[in-house]
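First chain written, first letter: the chains are A, B, C, D, E, F and G, and each begins at residue 1.
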Amino acid sequence: MACAKKLIPLLDRVLVEKIVAPAKSVGGILLPESAAASQVNAGKVVAVGTGGRAKDGTNIPILVNEGDTVLLPEYGGTPVKLGEKEYVLFRDDDLLGILHD
Amino acid sequence: MACAKKLIPLLDRVLVEKIVAPAKSVGGILLPESAAASQVNAGKVVAVGTGGRAKDGTNIPILVNEGDTVLLPEYGGTPVKLGEKEYVLFRDDDLLGILHD
Amino acid sequence: MACAKKLIPLLDRVLVEKIVAPAKSVGGILLPESAAASQVNAGKVVAVGTGGRAKDGTNIPILVNEGDTVLLPEYGGTPVKLGEKEYVLFRDDDLLGILHD
Amino acid sequence: MACAKKLIPLLDRVLVEKIVAPAKSVGGILLPESAAASQVNAGKVVAVGTGGRAKDGTNIPILVNEGDTVLLPEYGGTPVKLGEKEYVLFRDDDLLGILHD
Amino acid sequence: MACAKKLIPLLDRVLVEKIVAPAKSVGGILLPESAAASQVNAGKVVAVGTGGRAKDGTNIPILVNEGDTVLLPEYGGTPVKLGEKEYVLFRDDDLLGILHD
Amino acid sequence: MACAKKLIPLLDRVLVEKIVAPAKSVGGILLPESAAASQVNAGKVVAVGTGGRAKDGTNIPILVNEGDTVLLPEYGGTPVKLGEKEYVLFRDDDLLGILHD
Amino acid sequence: MACAKKLIPLLDRVLVEKIVAPAKSVGGILLPESAAASQVNAGKVVAVGTGGRAKDGTNIPILVNEGDTVLLPEYGGTPVKLGEKEYVLFRDDDLLGILHD
């Protein structure tokens, strides 16, 4: 498996593709770095595990779904590269919230 | 999602907008910094999660409601910027109490 | 809410007003500092939370009541200022005992 | 409450009055310090709490009773002064055992 | 047992044979080290334990099966040599996910 | 209680009298120190507590009985002197095993 | 008990006799140290405890049996000498797996 294409996360893990702030505004003007930095630290959920395990082994449903846009913690997460794409793997209870326009 | 507008916190997290002490008194006189500092460290609850997870996965109801004014701990909380507004995200059991006039 | 007047503690927290040892004896004589220092580290319960949360989320009744005089631990507690008055917020299981004349 | 006289310990706490080894033997001869030091580190139980709290909040009966003579751990305990008398407050599961002649 | 040939892992342990990235491309050209390094940190499951133990002793089914290709954490695992072959032993909840082409 | 004679250990504690290796062999020859040192670190159980407390407060029967000879851990244990005799107090789950000739 | 001969481990402890790699090959040729070092770190189970204790005190069956050959962790274990023989005492969940030819 030189380059795996797909990852099914285990347990309460969630695979997220980070949303990178556009360097240029809609009008094509180069945004100052500070503007980019002020963007929310968010990502798109690409794949979810089956859920966490309680102390007695019972399954705990996962909190988010594929397609959700989530607010990411400042630290943590495991970088994962699948093919040419880069993702980050989080535990669902490290995700801060679900973002809506 | 250049700038998300709304955040639904996950689990037992609570989104709070800090109440900033008025720099000027009602009569418009500039309050000395000490006066501001002596204000209570409070905030308004803007959004709440669905509740925490007990060890066996069962849901634990959240402690506060949108609109409550809460006494904040001196430390902790995750700063979150949504659009132009700044908020802080707390776990509900880090909030010290509900304030009333 | 420039100055909140009332605080309802959350969970197993207890709001206590410290009992400050009288600097002068009943006869009005200035007590030496050591005498004050030898006083018990006590306080009056002003407000109590609804109780703690067990691991499975069930409520654990609070240990003390408003009006009780309690023996305070040497360290810990969160200082809280409401209006001009100063209080300290404790978790109920940090309180050492209930004092009686 | 300049000087509280009585303390009802909270939870699994036990109020103990330390047994101080007699500096003189029965015959009135001054015991060498080493003799005193070799005495057992013991105390008399003066007051007991209602018992500890299990994880689910249920009450756990206290282990000792008022009047018991107990073997104390070398370290730990919170010093408490009530009136002119000095006591030490322990958690019941820190007490090592009950002593009998 | 000069050289054991087979290992049945205990509890929730999983025996994994690491997938080493091919130093040469399909066409036989020597891949630069960076290419190899960019490969996913993966391995083939060779043997699994019977499952973990919950706090009350009940068995918790193992998460993966023999033959699965799994994404490995960057750190951890116990190196094990059986005969001439090298393996790594992981706890199942340290494995990040199951990889598919 | 100048010198308590008897101790009833509390909870899962076990009072043990260490078995000191004979300095002389049966034939009366002075054993080299190394021989003594190579002896097993063992002791005789003199008194046992009523048992440990599970998280929910239920009693957990004690593992050993008075009269058992037990293998002691290299470290740990609380020295206790009763009258002229010296003992060591262990928690039962720190004892390694029961020794038989 | 100058030299105890037999040890019944307590709880989930397992008494293991380490398998020492033969310094000479079958043909009697002195194996280089590296060959010995490359041997698996294994041992024979000599005696097992009755099993571990869950949080609520219930018994958790032991994982291995007398006579099993087990893969040992690189570190840990308590050395025990019984008579002239040397053993190591492990907790059963520290053992990595059961080895088969």
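Following the convention adopted for this analysis, a contact is a pair of C-beta atoms (placed from the backbone, for glycine too) under 8 Å apart; a residue touches a chain by one contact, two chains touch by 3 or more.
Remember, it's a predicted structure, so these values are computed and weren't measured experimentally.
**Q** Touching chain B and chain D alike: which chains?
**A** Both chain B and chain D are touched by C, going by the contact rule given at the top.
**Q** Based only on mean CA positions, could you tell me how far chain A sits from chain E in angstrom?
**A** 25
**Q** Measuring centre to centre with CA averages, how many angstrom lie between chain A and chain F?
**A** 56
**Q** Could you grab the centroid distance between chain C and chain F? Build each centroid from C-alpha atoms only and quote it in angstrom.
**A** A distance of 45 Å separates the two centres.
**Q** If I count partner chains per residue in chain G, which residues reach a count of at least 2?
**A** Expected reply: 55-56.
**Q** Round the ring, starting at chain A and heading to chain E first, what is the chain order?
**A** A, E, G, F, D, C, B
**Q** Under the stated contact criterion, what part of chain F meets chain D in this complex?
**A** Residues in contact with chain D: 1-11, 13, 15, 47, 49, 53, 55-57, 78, 80-82, 89.
**Q** Across the complex, what residues on chain B touch chain C?
**A** Touching chain C: residues 19, 21-22, 38-40, 42, 52, 54-56, 58-61, 63-64, 69, 71, 73-74, 92-93, 95-101 of chain B.
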